[in-house]
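Right, one structure below, let's go through it.
For reference, chains read A, B, C, D and E in written order, and residue numbers begin at 1 within each chain.
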Amino acid sequence: MSDGYKTLHPVKYYREFLSQGIRPDGREFNTFRPILLNVGSINTADGSAIAKVGNTTVVCGIKAELCKPKPDAPDCGFVVPNLELPPLCSAKFRPGPPSDQAQVLTQLIAEIITNSNCIDLRDLCIVRDKLAWCLFVDFVCLDFDGAVVDAAVVSLLGALKTVKLPLVEYDPALESTQVFLEEKKPIKLHSMPVSTTFAVFEDKIILKDPTLEEETLCSGVFTIVLKDDELCCVHKPGGSPLAPEELVKCIDESKLRTPLISSLIATTLKS
Amino acid sequence: MPVDHKRINGPEDTVPYSLYTKTNKQSLTEQYEEIRKTGQRTDSRAFSEHRKIFVRTGAVSQAKGSAYIELDNTKVIVSVFDPREIPNRPDYSLKGELYCEFKFAPFSCHKRRLHVQDAEEKQHSAIMKRALESTVCLHEFPNFQVDVYATVLENDGSCLSAAITAAGLALAHAGVPMYDIITSVTMGIQRDTFFVDPTVTEQNICLYPRPSESDTEHGIVVLSKLHTHDQVSQFYQFGNVSLDKLNESISILDETCRELVPIVQKYLVKHVVKNLQRNT
Amino acid sequence: MTTKEPCLCLPGQRLCLSDKTYTAGQGTYERQGYIYSQLAGCVDIVDKDNIKVVEVHTTGEQTVIPAQGDIVTAQVSVITQQYAKCFIKCVGETVLRRPFRAVLRREDIRATEKDRVEIYKCVRPGDIILARVLPITEAHTYHLTTAENELGVVIAHSEAGHPMVPISWTDMQCTKTFAKEPRKVAKVVPEHFNAPSETLKP
Amino acid sequence: MSKNIQIRLASQRINTSVPGNQRYPKIFTPGQVITAQNEFMRGHGTYEENGELKASVAGVREQVNNLISIRPLKSRYNGEIGDVVVGRITEVQQKRWKVDTNSRLDSALLLSSVNLPGGELRRRSVEDEHMMRQFLQEGDLISAEVQNVYSDGSLSLHTRSLRYGKLGQGVLVKVFPSLIKRSKTHFHNLPVGASIILGNNGLIWICTSINNSEESVGGFVQNLEEVVPRQERETICRIRNCILALTQSKMMLYDTSILYAYEESLKYSVAELLIPEAMLDIAILTQQRLTMLENA
Amino acid sequence: MALCDAEKTFVLHGVQDNFRIDGRELDDYRPMELETDVVSHAFGSARLRLANTDVLVAVKIELDVPFPESPQNGKIEFFVDCSANATPEFEGRGGEDLAIAISNTLTTAYSSSLAFDSRKLCLLNGKKCWKLYVDILILECGGNLFDAVSIAVKAALWNTRIPFVKNVNIDGNNIDLDVSDDLCLCERLDIENAPVMVTVCKIGDKCIVDPNAAEEHCSMGSVVVAVSGTKISTIYQTGTGSLHPATLTESLQLGFRVAIRLNEALSKVLSRIRPDEEAGFLK
């Protein structure tokens, strides 16, 4: 019968649980959900990874294509991230153009990539002003159960680690390009961004790594992205106000995640 | 093309690097000749052999029902949602509707796919809808539609039939009333070779006629079957095939569809048993 | 699985002959004299006036939509002079993932003195009601009725925001402020007092 | 392989008009001056400009005292009280059905204007309201009479006679309403073994001969089990094709013209009546016989 | 238009008895009327009337660059417009799904080089080719759209004249084509094997061809068979019902047989058309 109670009075249901210091899924307020990572499983992509944070699942696939650099940045390549929240992943989304949430998350991930400098765009340039790599980084969310950014960032790291680009030779005289598939090189990762999402329940309780249910019931959700113990970006789109001390505490909390994720990626790549 | 302001667009003229690789790979015709000569498919399967199927039901926790299917490298995920009101349809209808959406993930194919549904994806959606419509008891939910979404994560051939089989599983998983279990198989035809459950390379071989003296038949056939009632719910073909060869392909596909049924059944029983154990 | 081994079945599985003793019930369909399963689940045979009704129930959540005659649990969202808009949250004991829109018209609230019904004295937004589904005439809107003793408001909160308990057919009382508010109350069963969630069982 | 598929070229299209004996009325085209005198009243299908009365539709002039109107040649059905119509249920609403009668607006059939099964006159109860879809549902065909014309031109129908009600097995043909000749009765039991209902609204219903004694009260029953015997089926289909042949040549439809066309068509097989030449042939022969009848 | 159960029963019994509501047998086709060269500013056009179904097809030609993955092929693109004029059901976006289904089926039916050799549309390998835009306008919808569209498309392609290229100048990356504007100096397309589609409609347990609108409503499903020459180029199933494998084979056979007959009839009538005999339907 708890099922019925939950749908009829979700807030009350949660309040009763949280007053006992426990979340309905059995976690404590500051426990993460387990993270799973699987890399290189998609052969049609140049680099790929699937990350699961609890139920939340995000697939990241990277396709590399060739193009001409922009005139105002002749020695830079491109990274084009896009996060899809297809109707497949939750009943919240409808077919058609990307939802507002998908657009916001896409922008956030683009920001994380630029701010963290994890990829140096100059590494992607092949011949100045003539030829550069363009990495299409596409995220597809398969299961939308809260803290999607966290999963997306983990999958991004996994996918970037597996990207191997072939050797390209460019003949400026003939303007001809040749690609050698036999010689492939990985790209260099300059930093490791790690994101942690928090939710604020009724302006008081801060829940770490919330599920979708928690995100929708809570009065505020915010995401902290760290880059090797440095603050890289904080995303707090409105919601209930947060005391500065609280935020600092959360930043400290999220630092705990960095070693977890770096060891996760290391072990995944090894196996 | 209008600019898509809701996504991040890359530079305008990007080209896949595979266009500039040296063509030291065999051409498709050569590959076909080799397969014909050796009588061995590239993955050393028999011509009438289906790839191993791996299925996981309940892959999407947010959906009412879902299934993830793998045919070696082909990976498709399907989710099914609760009935909802049919948008823009105020009149009363005795039957419910199915809405199917088939989508390739941008990185799922050799060539990068765009985010907006293209003609092929729309066609596949229509075929999927067609195949599932005769499976689902539509009269059980008048005025409502059940949404079925399929996303191909990696396409290594036969993704449409994989999606249909998975959708059948996902519908059963969602507890949507169904008349039957549905299985679907693809076949590629090139001259006198029938490739059951072709890979992408084999599909490409069958896409165009290969130069030959007389026999120029080629094509792709997809057949979906309802098991208990022995009914074909969907049949789709293109290429250039004679009637006799087509009939032959129907009987082979029919047989292969039947072979898949126990596998689908196994996964469904597994799901039921798991639920039973959880409930008790 | 100790006493009785449950009988599993899959969609399209032929269960038995359809004849005088066996008829197709919930979760099954009949074709050419046989009863087949519509679902992946367990077979259940229910005796009804010497006729054995073959039913199949899913082990997970079933996909159902409200049908004529079903008892549903709904939450009132908006009230007007003529009707109350509600969202159906449960059909029978099945909890829905996606609510359905429904309307409780003024004349369907109670069986007697229909003309003198005033909606705000019977239901308020936020109330949880038990109701029966009327025949479906329009697409997309279900019409509900509470014109039975067992139907009506089961969970309500007072204006102060505290839970209320029923004290008569027409009144409920706040547990904190003890203020009385009028409602069309469902038949009072003792359990209501100590465990409000139990009332959800129709 | 004996069957041929006919594809003809547009250049070989035949002229389907049939020479009649009647004098053609003058046809007005939009904008044409009807009269310059201003003692006339402006009716439907006309407008006034510079003191002249002009036609706003293509049609023939009709005059009642001082009122001049133009009746359009081709239009949707404009109902009049007492007309017999054939219509299709489009919507079941509270206490009434919406019926498509080939008019501009859907007509209404009130629950109170039908004979309910079991008993002539009784108050319509709430149960009846809930049963409405069992009586008539979307897609069902009915024959009815126009009871009233509302101010917006929409019709209110009734089926309070044993002749009206739900229609059973048969074929519906749709023609221009102006081709239906008004007559005393629009229900005909043709001697060739079929019944037709010539709805004033241009919908014609053809079915097997109705046995009046068998007709059930209320008329909500359909027999879906019964198989129409081959011969009656052929008759029904032949009448259908004959009506289409007459329509192609814009001839008026009434019992005599249909019967004549039927008799003239017997030299062709039913399927041959789809060929334009055969259709024209029948129309010409029918016209000749009608002329003879008139002159006799 | 919806049909009531009694009407459906009447149609169904008639089909069972091999005597349809207009007197035809199961595999009979209704007479059609064809007209070519009806749109003066198109490169080729045709209009087909099959009972109440009316289809207008116009072909336009433009210069284009071949796809990088198929540098030797020209392009052909089909666009179907199911306007609300054809039937009220097409109002809004109602006709969109059908339009996509028809254009996709045409695309796949014309995709094999044996049905339609797009290599002949290529002018300069990887650089220049013709692109055919085949625009299909449904003027009135009276059933059996797939068949009518395929016949009209074939006739319009038959009627299409491709401009003659007199000279090609290549200057680095610039290519200059000298296209003759002499109308007599143009080429016709080879449409010998262009596919003809036949919709086989399953009613009860019988299959019919060329269904009228009422029959289409009674059908649980139909199979569209596109035949190019003596081979089958596309099969597409529509509707909601399912078929027994034997019925499928049977309907394929029926569709194939009728398509061959239809193709013969079409070639015969096309061979009869002489330039001076073409009459426009608006004339």
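In the analysis below, a residue touches a chain if its C-beta (ideal position, glycine included) is under 8 Å from a C-beta of that chain, and two chains touch if they have at least 3 such contacts.
None of the values given here were measured: they were computed from a predicted structure.
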item: Chain D and chain B - chains in contact with each; value: C, E
item: Chain E and chain C - chains in contact with each; value: B, D
item: Minimal step count in the chain contact network, chain A to chain D; value: 2
item: Chain whose Cα centroid lies at the greatest distance from that of chain B; value: D
item: Interface with more contacting C-beta pairs, comparing B-C to C-D; value: B-C
item: Most centrally placed chain, judged by C-alpha centres; value: B
item: Farthest chain (mean CA position) relative to chain A; value: D
item: Cα-centroid distance, chain B relative to chain E, in whole angstrom; value: 27
item: Chain A-chain C separation of Cα centroids, rounded to whole Å; value: 42
item: For chain D paired with chain E, centre-to-centre distance based on mean C-alpha positions, whole Å; value: 35
item: Numbers and ranges of chain A residues touching at least 2 other chains; value: 91
item: Sequence positions of chain D contacting 2 or more other chains; value: 92, 138
item: Each pair of chains that touches, named by its two labels; value: A-B, A-C, B-C, B-D, B-E, C-D, D-E
item: Residues of chain B defined as touching chain D within the complex; value: 91-92
item: Contact set on chain B toward chain E in their complex; value: 15, 19, 88, 111, 119, 122-123, 126-127, 130, 133-134, 138, 208-209, 216-219, 225-226, 229-243, 246-247, 250-251, 254
item: Residue ranges of chain D in contact with chain B within the complex; value: 91-92, 138
item: Chain C - residues contacting chain D, complex; value: 134-135, 137
item: Touching residues on chain E, where the partner in the complex is chain D; value: 1-7, 9-10, 13-14, 17, 19-25, 27-35, 47, 151, 257-258, 261-262, 265-266, 268-269, 272-273, 277-279, 281
